[in-house]
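Notes follow the structure.
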Amino acid sequence: MATKTVPTSTVPQGTAYGRPPQQSNDEWTRVGPGTPCGEFMRRYWQPVLASTSVTNRPKEVRILGENLIIFRDGEGRPGLLYPRCMHRGTSLFWGHVEKDGIRCCYHGWKFDVEGNCIEQPCEPKSGLQRAEHRQPWYPVREQYGLVWAYMGPPDRIPAMPRFSCMEPLQDGEVYFAVDNSMGSHGDINGPETVPYSWLHMNDNIMDPFHVQVLHTTFSVVQFVREFASMPTVKFEEIGNGVVYKAYRTLEDGREFERVSTWMLPNIMSVPSIELAEGPSTSLGFAVPVDDTHCRILMCTRADPDYNPMGRNVGMAKLKPWSQMTVEERQDRPGDYEAQAGQGPMSLHSEEHLVTSDKGIAMQRRTLNREIEKVMHGGDPTGVAFDEADAMIEVPSGNFFT
Amino acid sequence: MATKTVPTSTVPQGTAYGRPPQQSNDEWTRVGPGTPCGEFMRRYWQPVLASTSVTNRPKEVRILGENLIIFRDGEGRPGLLYPRCMHRGTSLFWGHVEKDGIRCCYHGWKFDVEGNCIEQPCEPKSGLQRAEHRQPWYPVREQYGLVWAYMGPPDRIPAMPRFSCMEPLQDGEVYFAVDNSMGSHGDINGPETVPYSWLHMNDNIMDPFHVQVLHTTFSVVQFVREFASMPTVKFEEIGNGVVYKAYRTLEDGREFERVSTWMLPNIMSVPSIELAEGPSTSLGFAVPVDDTHCRILMCTRADPDYNPMGRNVGMAKLKPWSQMTVEERQDRPGDYEAQAGQGPMSLHSEEHLVTSDKGIAMQRRTLNREIEKVMHGGDPTGVAFDEADAMIEVPSGNFFT
Amino acid sequence: MATKTVPTSTVPQGTAYGRPPQQSNDEWTRVGPGTPCGEFMRRYWQPVLASTSVTNRPKEVRILGENLIIFRDGEGRPGLLYPRCMHRGTSLFWGHVEKDGIRCCYHGWKFDVEGNCIEQPCEPKSGLQRAEHRQPWYPVREQYGLVWAYMGPPDRIPAMPRFSCMEPLQDGEVYFAVDNSMGSHGDINGPETVPYSWLHMNDNIMDPFHVQVLHTTFSVVQFVREFASMPTVKFEEIGNGVVYKAYRTLEDGREFERVSTWMLPNIMSVPSIELAEGPSTSLGFAVPVDDTHCRILMCTRADPDYNPMGRNVGMAKLKPWSQMTVEERQDRPGDYEAQAGQGPMSLHSEEHLVTSDKGIAMQRRTLNREIEKVMHGGDPTGVAFDEADAMIEVPSGNFFT
């Protein structure tokens, strides 16, 4: 029925009409129980919160799509339990912590940090069948100022990983840990979690080029002005991750080599953004809250006067993120805006990876290989079953010559 | 491909990994039109609001998953209508109440409390086909200070139920009714409805043991300290419900028998929580708003100076619920926390009913039987089709010897 | 099993029990890509925002179910782009506008208003494959104070429509445009969009009778008191729309003829509500934001002291909509309440169109015909492919004799 012909010269090219359906790669972003990435992630110890956030007040925490309750009993032991009381399902969030466990508010059942039911006051003789009522729980450990959990198959529990950059503590050093996603918004008072997939932060970490644009030349110097020159970069796959080396000649004539490391499954070793010289002394983790939310945790060994907000970086002199208006964030976007701007899950079918995305391509190849391995019953790279094998070498650092 | 073996001694037992899928029992919790429980509930008169809440200002009310408009016309008649005007669908919430009905704002159609269209001002001769435009409505009655509705099949409309505990009024007594779910949060200024299934409150009512824990020994004495001793309890099925008798020997040597009654389908007769002696003088109702919300209504016959917040109970001396922080609610959880803590719908597949849950088991057996009966075309227990049969005996009370 | 019989006299008639399932007519309300109405709407130029709302600060705009970014480059050219940067998907909302385009915050890719990628700073030689990375865009034009877009198939792009009521500008006249849905709530500070389908406002416009009820006699005089008399109305289909002529004899003896026009696909020409005499000098548009939201835009040619809030209408003396409480809105509902009261999408299966809805019936017949035509490959009525055919005659006006 169309009868008129539109002259070719006026037909617009490349419009947004008729775009194909968009999609995320679910194998990277879905992290719930039983999903390929979820099962892969569960094979590693994951940091849950900073040790200082785990107290005798029960706290709700969501990790890998599971809602859990975390607390520290009167003896100092952290516990991570399934939230619904085994009895009639009331949340242990409303429970009270005692010396040896947590007591449900409704009928007083008490569970220790490993889920054993140790009291049922409304039952004859305090509960003769208590042993059948074990509250589901997850093993936890404390290390580097963080509480870690293992949420995978019990018979594949690995040894706790250790990292060369985190130990030993030097004279006077202590561990600092933050669990409020400062690695995204840079604000100690910002939101605890960020509303996007763990993969956004993961991608960000093997992307040395955005440092030049987003953090330095696009609006203001968010870190230091040395990043204003575009680096020459070498990427390298190292089996349990990817390393990049970014080279710059500084204005004062020094050669600056910045080495940054990403490790399986979601571990980030970024050297000091204040350009402190030498090997890195911190680690970061992009821990999935669920498919569309992430918590970024960081631990550092440093002197007691360490300030996680930074002292000499550009951002430290600006209004903190949580106080900025949307317009101010448009004027000076940072990692939060760039990553949240990719949406709750990025649409991988629409990406166009180019030369500068080589590190991301390596990461994804590594992730694909390891997810595949776990799907087929194997153990992923980067887990050790013997404590003697549990130390991981981390080459990150700022080096000047 | 898994090559390493984890020593059996280090394999954790009973962890939360690999839990089976959770599920609610839909036959108890789904209450919309056409659902087994919804049709069962619709066979009884249900209280909608307190009479004092029904005025000449139209109000939105949601009950059994249906959105409705309730109002009182200029002659004092309550009306409960389908909200979308039969004409072009504007909500009667924006209508104005007149002496003989409610008028839609858009084109002025006027409907009486039984849905008859009595005016169509934009139509020739004020609407010659008005009779074809009856607005869907539900029959309502007022009793005990409440407005009740019958939302079931028209040809199964029962006589209005009466309750022995509510009449006759003694000298000087009047009816009080509250419709804001105080039975959950205890706060006359608290939210009108609660964000969980009617079944949570229903379960709560045949659970005498939580009174000892949640309301007395867990944090503070919310009612009276006499409840601090664990009772001996007898449960009994009575055809149209379940009764429990809780026995305690008080410190002053008296024997205390507390009789509490649950009646089909969602009626609760709890004796005075201030331990006023004698038969109960009130009733409560856990009326489903929808599958995941509930309104708790109460009516009481009492002297004109009756205070529904209680005078001598522990809670009366504490900060009201709606002013408490989450931390304060964690310190002193009550029925709201215990029940909301079970989630919008409890996950029955995960419950472990024990000795102290015998009353709940009886209730559920009764519910299953009656829902089944209605599904097969029968009339449920507890409805009468003749006013002469409509009085229901309620044995509840506090008795001391 | 039902054993008792309810006497026929007590069986209520016409109750809300057992209503059939409700449904909207999706062919009118669904507007996303690929839907019948969505593809029909996309065949016309649609106004997006007022020209004054399009600045060098990128703005998110949603239209026909698509999220887009609109901005004006440093040379004054408006641009309407797909929001996700072609590179790694960050939203261009966080980009900065430059003289010749918009630059993404993450890696600095710059696109002009037609989506051409003109810079890739992190790539060798600023991006040798830039031509492959065209950002999806839509053609835009400015006219009558509005920015218009064509979102349809490129080879069916029509000439920009012109309207007889909008030109030529008379001596001293200028164009005013508002894009904040004042046509619904009447408040220059009210919400930009309204939470209901475009069809509600569309219906409203060929409904002369609600003016007598809703706007005049129901609560207060919202426009002028001349509308208090019920008009005699003639409706007429005009090929590209519907016209009504409403006749009233005024108190001063004058005969008043009010001519109002609806044009394909969603264009409204309502004469002055202050009853300014003569042909209409404005146009309105009910532009779908998505299936359940709409933006109402208006353009007017008028003297520079024109006040879009009206000067002499009843509403101008009342509290503005955005400051009213719900109760005040119940007391004095207007178009917003009547239309939002129909729900996010009206339930057409429940409507009862009567004599006074004749104009709406004509509109729907026209819509059905044109949507059908587009579904079968035809060009809809009201689009021209030659500028010489692009002028549309609009008969609206207030005429007194």
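Read from first to last, the chains carry the letters A, B and C; within each, the first residue is number 1.
Simple rule for what comes next: a residue touches a chain if its C-beta (ideal position, glycine included) is under 8 Å from a C-beta of that chain, and two chains touch if they have at least 3 such contacts.
Given the structure is predicted, the values throughout are model-derived calculations rather than measurements.
S.K.: Quote the value, from 0 to 180 degrees and to the nearest 5, of the angle by which the CA atoms of subunit B must be rotated to coincide with those of subunit C.
M.R.: 120
S.K.: Interface check for copies subunit A and subunit C. Shared numbers divided by all numbers used: above half gives same, below half gives different; which is it?
M.R.: Looking at both copies, the contact residues mostly diverge.
S.K.: Where the centres are mean C-alpha positions, what is the separation of subunit A from subunit C, in Å?
M.R.: 44
S.K.: Can you pull out the residues of subunit A that are in contact with at least two other chains?
M.R.: none
S.K.: Tell me, which parts of subunit C touch subunit B in their complex?
M.R.: Residues of subunit C touching subunit B: 1-6, 10-19, 203, 209-210, 212-214, 217-219, 230, 327, 329-330, 333, 337-339, 341-343, 346-347, 350-357.
S.K.: Can you check the complex and tell me which residues of subunit A touch subunit B?
M.R.: 33, 42, 57-58, 66, 68, 81-82, 84, 86-91, 93-94, 96, 103, 105-108, 114-115, 120-124, 127, 129, 132-134, 136-139, 150-157, 373, 376-379, 385-386
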